[in-house]
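By letter and in written order, the chains are A, B, C, D, E and F; residue numbering begins at 1 in each of them.
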Amino acid sequence: MMKRLLITGAAGGLGTLCRARLGHMADTLRLSDVADMDPAGDGEEVVPCDLADAAAVHALVEGCDGIVHLGGKSIEGTFAEILNSNIIGTYNVYEAARKAGVKRILFASSNHAIGFHTRETRIDALAPMRPDSLYGVSKCYGENLARLYHDKFGIDTAVVRIGSCFPEPKDHRMLATWLSPDDFVRLIERIFTTTRLGYAIVYGASDNEECWWDNRHARYLGWRPEDNAEVFRTKLDGLMTPPDSDHPAVRFQGGSFAAVGHFEDD
Amino acid sequence: MMKRLLITGAAGGLGTLCRARLGHMADTLRLSDVADMDPAGDGEEVVPCDLADAAAVHALVEGCDGIVHLGGKSIEGTFAEILNSNIIGTYNVYEAARKAGVKRILFASSNHAIGFHTRETRIDALAPMRPDSLYGVSKCYGENLARLYHDKFGIDTAVVRIGSCFPEPKDHRMLATWLSPDDFVRLIERIFTTTRLGYAIVYGASDNEECWWDNRHARYLGWRPEDNAEVFRTKLDGLMTPPDSDHPAVRFQGGSFAAVGHFEDD
Amino acid sequence: MMKRLLITGAAGGLGTLCRARLGHMADTLRLSDVADMDPAGDGEEVVPCDLADAAAVHALVEGCDGIVHLGGKSIEGTFAEILNSNIIGTYNVYEAARKAGVKRILFASSNHAIGFHTRETRIDALAPMRPDSLYGVSKCYGENLARLYHDKFGIDTAVVRIGSCFPEPKDHRMLATWLSPDDFVRLIERIFTTTRLGYAIVYGASDNEECWWDNRHARYLGWRPEDNAEVFRTKLDGLMTPPDSDHPAVRFQGGSFAAVGHFEDD
Amino acid sequence: MMKRLLITGAAGGLGTLCRARLGHMADTLRLSDVADMDPAGDGEEVVPCDLADAAAVHALVEGCDGIVHLGGKSIEGTFAEILNSNIIGTYNVYEAARKAGVKRILFASSNHAIGFHTRETRIDALAPMRPDSLYGVSKCYGENLARLYHDKFGIDTAVVRIGSCFPEPKDHRMLATWLSPDDFVRLIERIFTTTRLGYAIVYGASDNEECWWDNRHARYLGWRPEDNAEVFRTKLDGLMTPPDSDHPAVRFQGGSFAAVGHFEDD
Amino acid sequence: MMKRLLITGAAGGLGTLCRARLGHMADTLRLSDVADMDPAGDGEEVVPCDLADAAAVHALVEGCDGIVHLGGKSIEGTFAEILNSNIIGTYNVYEAARKAGVKRILFASSNHAIGFHTRETRIDALAPMRPDSLYGVSKCYGENLARLYHDKFGIDTAVVRIGSCFPEPKDHRMLATWLSPDDFVRLIERIFTTTRLGYAIVYGASDNEECWWDNRHARYLGWRPEDNAEVFRTKLDGLMTPPDSDHPAVRFQGGSFAAVGHFEDD
Amino acid sequence: MMKRLLITGAAGGLGTLCRARLGHMADTLRLSDVADMDPAGDGEEVVPCDLADAAAVHALVEGCDGIVHLGGKSIEGTFAEILNSNIIGTYNVYEAARKAGVKRILFASSNHAIGFHTRETRIDALAPMRPDSLYGVSKCYGENLARLYHDKFGIDTAVVRIGSCFPEPKDHRMLATWLSPDDFVRLIERIFTTTRLGYAIVYGASDNEECWWDNRHARYLGWRPEDNAEVFRTKLDGLMTPPDSDHPAVRFQGGSFAAVGHFEDD
């Protein structure tokens, strides 16, 4: 059990989930976001922070044993948005970890780091990066930065290429990409309790029938997802019709991110 | 749900199975064979057809949304037999599909397309073709033809390299190659309802303990077999003794097809 | 040195080349084609033959030690054309070889057996077949037939996926696919004199600067091409402009074969 | 069912397990060790033997249908110890099998044959050998010897790279390497009853959550482990703390064997 | 021949080389740098530009047919330096290219994008990125950005992972990593004249005896280096002694970049 | 330049070659064999030694900077012969090196460590070991021992799987396996002068037209063979006829070693 586990992006969807579910992993959860957060409860510290502010991030990380780095923009945006939150912000987090001696980090990457692989392509942790958006490029950047900090400075990271982490799948694509909140929590538990983490790339998806990703290189972590999006198929079929078979949002693993155009800077 | 699903080879073993079990997938099942068939029931059309007759096949395919192409010779035969039913017949089906605008086909290929791989060789969809018979050569031909029609004309095909689809395994080899009728039906359902089919090679075998084939490249279809031939092992042990360990029918995946000689033309 | 070497398709471009250049490899060259041929010279036999005529092919093959099987249609055609010359014809040649005890064959396959791989894709002998035309499908068929006759009947074959064998490259694509006549002759010499042939897939291209194909699996044959299409680049640049970068004839290895539509049967 | 199954190393831990659990596989279990053994029970023969004594081993093997070769030193030792029991002893067993016509052997290899792969490295049967000790080198030697006797003399062997076969895991590393006695017995049953064994390399580990090894190349044997070390995790957590994340005994698959120094000869 | 070819970083070492040697490739060379440059000569335009200034970059790129993007910091630096020149600067170049319709770019990446692979590791274009510095991370970022602009917007890029491009090798490591100026110029010529560029990753090294990188996936470009660093070995031996065999600068491909620590921001 | 380079097996064929050709690599060549050797010349020490005698080997190795370990039996023999010279002898050499602090060794392995791969199989350093003889098994053992001493004790080794090192090829198989003495000497020079050796597996064959082995993983050593057995083909053709195409000595890379039976112990 850790003394203090930092969660960045704590006000977001995944952050809210983690805040509610990870209390057992540390004496104190340090919760941080640039957006408003609920006041600290028992075993919590609430530390507002803009990840683009290096000094603030260094203060934030000081005294923590582990980091669940969820912070930053999580959808396509303008370059300026991506740059500040994801490129500068992630650098600040890793550099602060190096200085503060934090040795274990979960970096919330995304399937959009590999979203231009086609749906028919079975990929594993060794597949070439193939981002589908500026957002995806920033996630590739974070993965490579984490690898540098592992190779050079001995900081262990689990890169989790999160599929679609919601209470239930919202469209047909998510029947393949869905990561149940329970499976995500179990994965986080493994990452912070396994004897050795090293540098691992994990596809964050439940044990769905439809499956594009192969996690064999991460099996040493001991995580086997238990949930299956298939139970939601009939419900989804009643709610919507998926796009045509040749639509870019269907052909590519990244879905609509691969289909959308450029977001102009203001 | 499709309007009209064509099943070729409807009078054969697999065809009879499909006729009985696929009614829910289309308003109308169009059933075709060169052999006699039972009269059409509700939701059925019975259309006798020799697949070697191009004009007849074009008429047969017209108006269909999908094709389960089971027709043709399904065991080793003389070249003349193979040529007419499997080589000319399959060409006629694909060419008719192109003209009629049919976009989704299940092509019943066979494990005999790869039957000269040894039993100790784990193969997946990328393994080189290695036919064990003229019949196997014709199945390789059909797979390559389907790929051409996919790459050039945009017709999606699931090539199913069927193992041994019977109510239960008939010999010890089938403990590895058995495809339960239920698993086959579930596979067909996936093929015609998945958002995107593309060009997929699927090994048609249930979730048997003994296993030579790896379907990871087809996992995007969402098919996971549920049955297991192992439950029949004791019964088979009581009925027969398998051939010697070094017999060609044991050494090669194709079993007796790899061991049998040439079938002379008349 | 062989007693009698059969060359099918002897009236065609490659056949003419072989007739002129392979005399030293056998006491007698038996030359065959369905088209007219020049009268037999010293050390030659001229045997007209339609490859679709099984009995004639059996007579043709009888008494030969090796076969250079060039016969059949060598460009896209209607299915009827392809069927007769390439599918039936090649079967007749292999079946005749089996009966006559011929143990070594060069099968002139084509790059069009793999022509739908993109130009950026480096492929070797293990790459999946990906035909770009009905012609390409027939070449895949011949390769698989040859493999069956090797695995089951012990006949050795060198499958040569010929690029573009002409005195010099005719367009920019051939700067990558060109096989000089000299290199082709040297390859044939290797195939019929190597201690062991087995079943080999060889890409028939010279040592060109641009290169899509990797022949490492055939290096045991001892063939290293010596010519290089690059010397013709300046001349070609002066003669023509290649198609646009995104044209299908440029994107795919098969060139115009991948771009052309279907040839209707009459 | 075999007439006589030989178990070497029958007095050791695995040998005792096999003696108690394999009686149903043969009319007679022939039990051998250089150490004292309990007297023979029903269906048992007790034959003391020093595996380094060639003549004694030949007598021991004569009349057997199969061999479970567990004998020899099973931990790191001096070179003299390893040499006699594992290098000379295993040669004697294989050479005796060749002369006596025994065609099926289980060779108890060890994960220490590959123990210098890191924990993050997913390996299968094709991974390079990477021994972590003189003991591990002797197991590599035995595997290669068995392969020679397979390739040259037609003796089939299942090389089982045993993880940690105990009633329950004894430390955190064994949460990944544990092979339950039940799973081991089921594996032995498969090895001696499968229609064809050939030469198989099997990682001997149960279906544990943490997993470094991939048994896909051995799936043709039909063995799927059923137990899972995970049920012992909480108990282990209460008993001990694993070594630091960067300790060699954690970084490498071989655990403490990779961390220990050289054992001096006396 | 292009109308206008833009060279960024024109005042640097590689830029000076290109300025002197690429005049024959375009009617006009547009030369740009944030540092001082020599006045424009015949067929030249000199356009000072800070790559971090988006509007200036857009003006710079307008009207060009191709870009040799050498600009940015080319050694390890502080994050602020890397961020401005390499991360923001490269984005500006690609975004300007998209808007201006430039379809072909050479992106000067670096071996430091993969510098944490060990010297004994043979890598090709599919090897995982493994940066050895913040500089290396920025090059990985540029490669991924280029891939996005290729996959989504159809801009072709040759990523050149330059080894050590100097008149001659400066230390023993460069005997493996040296890229002769002549070979670099020949590579640039290929990149801008090949019929199809697509997205290519090329290791920029001459035909040196010592070799860590495999360019087979880029052979379709037709570039074969001709020079060989070996001719400088004796001279180097006389000048210096390489570091010890286990020094990080020797163990890792990135040399001293892999050995150097973090550059603090001011 | 080394102070003292030890050559074991100095009286044998390769040893004689090395004695004559490696004088420039060290102040002193220490020459050792169990057989008679010529008296020491300038810069030579002659130290008779039985490699099976541990104490003698330790004395032999003391004071050396490098070892060219050629000693031991180099053809198939009885197990007793192989055991003493190759298994015990090689252990003694490595253990002595560990104690004496020798950090760089050339271990003369053999193609017979992989001799049961077929001639049609292209193999590289990652190919599974597949010995063709007890001799081959002992070479696999030596390779694994060397890997242990590298991984655990930091001793670097170049494993050279020598093909056929003679002044010229003696039969047709050697047209593929020939290693010219000049190429061997150049390889040894590289091994002892390269900045970093690590653990390398090198196939010892010249740049022959026929080629079964791929040395790409050893390219970092900077060795490129220059000779070519092809120049001897005509001469060989005049002297002998190779065995039949299906003879085991032709089918397998190990040649006659794969075809010969067991050598009985006396």
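Please note the rule applied: contacts are C-beta pairs under 8 Å (C-beta built on N, C-alpha and C of every residue); 3 or more make two chains touch, one makes a residue touch a chain.
From a predicted model like this one, the values you see are computed outputs, not experimental measurements.
*Asks:* Pick out the pair in A-E, D-F or C-F whose interface repeats that of A-B, meaning over half of the contact pairs match by residue number.
*Replies:* C-F
*Asks:* Tally the contacting C-beta pairs at the E-F interface and at the A-E interface, and name the larger one.
*Replies:* The greater number of contacts lies at A-E.
*Asks:* So what's the Cα centroid distance for chain A and chain C, whole Å?
*Replies:* The mean C-alpha positions of chain A and chain C differ by 52 Å.
*Asks:* When the centre of a chain is set as the mean of its C-alpha atoms, what distance in Å lies between chain B and chain C?
*Replies:* Taking the average C-alpha coordinate of chain B and of chain C, the gap between them is 31 Å.
*Asks:* If you average the Cα atoms of chain A and of chain D to get two centres, how far apart are those centres in Å?
*Replies:* 41
*Asks:* How do the chains pair up in terms of touching? List each pair.
*Replies:* After working through each pair, the chains in contact turn out to be A-B, A-D, A-E, B-C, B-D, C-E, C-F, D-F, E-F.
*Asks:* Provide the residue numbers of chain F that touch chain E in the complex, in ascending order.
*Replies:* Chain F residues touching chain E: 103, 154, 156, 194-200, 216-217, 219-224.
*Asks:* How about chain E: which of its residues touch chain A in the complex?
*Replies:* So the residues of chain E in touch with chain A come to 54, 79, 83, 87-88, 91, 95, 98, 116, 126, 128-134, 136-137, 140-141, 144-145, 147-148, 151-153, 258, 261-262, 265.
*Asks:* Which residues, counting only chain F, touch chain C once they are in their complex?
*Replies:* 118-120, 122, 172-173, 175-176, 208-212, 214, 230, 242-243, 245-246, 250-251
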